[in-house]
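After this come two complexes, each holding chain A, first together with chain B and then together with chain C.
Right after this comes the complex of A and B.
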């Protein structure tokens, strides 16, 4: 009974969220703010892909690299192979997943610091490879990437169509991730993160499940990259350096690592809007994000969302009391509250 | 006479094929032999005790059987199939469960979720069906949830199902460890010092639980320092010292075995053994 109540609450929350997202362009008229909202959504997908790997206990520094792989794959498929964006988009996800499979089958074997460093190296190498390759546009990057071809009456002019496209992509990601986390795959991931040794005695193949997470995470980062390539219509290797990956990490940590869905959303929104609104220059942005990360780890390791537990807010206590007879479920899944 | 019957028993099971056969197994750490040339059999329905002083190689033996450590030489055969060299998750898949010495649990999850996570191997429906939350998969999950409660009731932990594992008292944590191991529906259960750190009352409960598990058809290998409990619980005892097997037999024989007394029991008096 309590499960159905939780589900109802979740569905209701998703419904409200859906209406808000659908009506947003009618409220926000400024293209500048729409741009920030679109970038937030793209960043949330990246944050989600980071959290997915974190749910198995792996910390990745390669989210930005796979985002770049997706972006370049999509741009090249459209510009050089002449494919439609609507085919290139899923293909870039597949391509990022395949690269993830190749790299992951080597590096996902050893978790912990080794994994972190190896993914860090990947995010250092990939921009270099792109930069030194003339086929990939070299350091100057790719310019004039065409936007998505129009489907029926929907033409990609102005911010609004892009906004709806990224919202649909984001929602697909969220749905898939929620389904994963509440399936037995998600339970296996959680088991591995909490206690890998015990998970192994329960018959969970650690390497396979870590690899699966790496592949899925790479694919969703690739999709986000593909969207960005055709939205921004220009790419250069400097866009997906290690800084991009560090930023993605901050999205998840800032929001709260224990909230697999809402955490990256809150973190990405803050990290996309605040530097812009503060008019921070590009040069000192890394200084500020670095300071944010250090302060976070020291003072708020649970992220922004842990604040409500710390403050013991009234609504949270109420929710706790109402839900006291149910098993405290996966914290990341309470998208509705 | 007892002695002879016991030997005959061993020989018969050898020819029939035991549930677990450990054959001349050795394991070296550097130059040191942690386990050297150890052989023993475990027949279905038995509780076999693995005893010996600290550093005798008991936990290493468990790590070898459960696939956490690779065997250097020798063979381990489970249910007629060689499992030497299999990874831990593959060994678990064949039905060998394991509870660790120090409570090894999903500490920040509830008691219920701890056991529920252990059901990974028991689902028949594919992961895809679980991902799409099909009716069949949800039905299966519902059944799993009720099986979890059955296990918790069987072990006497049903009342604490919402408690976070880390907040359980030590004794209950050890029982929960056994519950999680039982979740994979093992045919063979390896229990590493299930009674350690327990007060006598808890130890008695745990002894009862172990007996109940055996009655439900699970074969058990037990590493334990509480000699009294080992003597009471086990059908047969294997004694290891410095990685070698020095004796094997019924509890009475082991208690009377001169070599064992010298190596292990030492000055222990008769009352404690009874």
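Right after this comes the complex of A and C.
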């Protein structure tokens, strides 16, 4: 079995990415920028969980809600049950997955706008429930959540250990998702998205596969939430309202919906850094986010990453018009990552 | 539990439920005919309430005339938003959701920056209470119920008895065949969108004397209307009416007996309905 050039290129790209990610804290000294990088990674995990559901043709507005469920589970397990963070982290993923199983088995039966509305209701109702519950800290939220306990020589002081923790989490997520996308399950998901009826006639159990996607996406959002709880060390219901879920949706649209892995990463990076660097006031921020969203949807529905193809086909057309012999290849349609 | 109490809760629930019906029927029309979903619908309701408030309280126009002015103003806004934004993405749920959420964020935050966060109240056009036997009913709520029923009857006549309504129903069934029969589908889409906006604005105007007028009131109505769509189904206007009344009554009785937990009760009811009828009471499961 020979290694193709494309594989070589991909392995090389991954290697470069790993080195860059590993060396980043030695280059970026400012804690402020490290915070932004950490938040970007956390947001990328959420964007990935949105894209995972999109790959089966489901549009979720509940990513923020499951993020909140993971965060609260983890915080309560550590603060009230006295567990270690390293046990609470996987448990919060499991808990979010169980909630996803419960809700998903009811709502994942109808795709399309009904699913969107139902997830929207979830993301509107969960902050309300948390706000009215005294056990969950009410509207004031939970304060003083302890950071992860140290393992061996690694102690969680400063931003760098948190950075490595979230990068490891992100990489685990990416690897798991890539494995899923290239497996039988991922192919089934894509076939459901392209044509659900045809997929069903081929023996794919639509409900089961949609439910599986919902559970996996909930679990990974829960893991991201658990990390956030112990990184930020404070939680309040206002953090995971529908606004958070809308933002997650923007990550995926902005990056490009047809790129399941790279799309959310690009989108999350842009949406985390640009508003901060522009120093937009908190009051005016939703106006600008809304305007960006509208313009994006009208003029660039394929996302930032589709620019490459658009420019490619543009130069192809130019070359054709000029009658040049060296015509660049017409870019193909990318439906994978 | 006395009869008076039950009747009062019933009137409360009906008055708020009929408001949900007005807003939700606009959404159902949009979904059925234009095939888009508009998350900014709650903002048209909020702006309708603000225009009514401004006309009635600040310029001392007659209350019913101010509602009419609000409907016209919000319809114009609706025409602009349809022509500029929604026309480009008919039929694509994701893009339409993204754009309408963006529009909703802009309108809501714009209203918050422009009008401030203070709560505004409108003097009821008719004050006092209506005594029917031993029961005292707040007359502004009775007026709201009567107005809403009249509007829904008007909407029924529009859809079932006029040529435009017939065209709307034809486009809903199959837009290509409808356009082959000489129906200008683009105009029908615009008419439906505008009708939805006018209904939302009217609901906002009717609610202005009952509840306080705030820039965030669109969020609450949107959540409730989403629940109405889940209860009644997204296909039929009948479903919207039944769903609106059910949600209004559950809210009214639940708030009295359970307090803040009524939201959870509503959620549980919706969960049970979705388990047995995944498309809502009057919807079909696809």
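As a convention for this text, the second predicted complex is superposed on the first by the 307 of 337 C-alpha atoms of A that agree within 3 Å, B and C clash if a C-alpha of one lies under 4 Å from a C-alpha of the other, contacts with A are read in each partner's own complex, and residues count from 1 in each chain.
Basically, a contact is a pair of C-beta atoms (placed from the backbone, for glycine too) under 8 Å apart; a residue touches a chain by one contact, two chains touch by 3 or more.
For clarity, every value in this text was computed on a predicted model and none was experimentally measured.
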| item | value |
| --- | --- |
| Fit or clash between chain C and chain B when superposed on chain A | fit |
| Touched partner set for A:203, first chain B, second chain C, both or neither | first |
| Chain B versus chain C as contact partner of A:283, first or second or both or neither | second |
| Comparing the two partners chain B and chain C, which touches a greater set of residues in chain A | C |
| First, second, both or neither for A:296, with chain B first and chain C second | second |
| Touched partner set for A:109, first chain B, second chain C, both or neither | second |
| Touched partner set for A:179, first chain B, second chain C, both or neither | first |
| Touched partner set for A:14, first chain B, second chain C, both or neither | neither |
| Partner chain in contact with A:121 - chain B first, chain C second, else both or neither | second |
| First, second, both or neither for A:187, with chain B first and chain C second | first |
| Chain B versus chain C as contact partner of A:98, first or second or both or neither | neither |
| Spatial angle chain C-chain A-chain B, Cα centroids [nearest 10 degrees] | 80 |
| Minimum C-alpha spacing, chains overlaid - chain B and chain C, in Å | 11 |
| Shared chain A surface residues [contacts with chain B and with chain C] | none |
| Residues on chain B engaged by chain A in the complex (per definition of touch) | 66, 68, 87-90, 92-93, 97-98, 100, 104-110, 112-113, 116-121, 123, 127, 130-133, 137, 141, 161-162, 180-181, 183-184 |
| Chain B-facing residues of chain A, complex | 179-180, 182-185, 187-188, 190-191, 194-195, 197-206, 327-328 |
| Chain A to chain C touching residues, read off their complex | 54, 59, 106-107, 109-110, 112-114, 116-118, 120-121, 124-125, 128-129, 132, 246, 249-250, 253, 257, 283-284, 286-287, 289-294, 296-298, 301 |
| Residues on chain C engaged by chain A in the complex (per definition of touch) | 31, 37, 85, 88-89, 92-95, 97-99, 101-106, 108-110, 112-113, 223, 226-227, 229-230, 234, 260-261, 263-264, 267, 270-271, 274-275, 278-279, 285-286 |
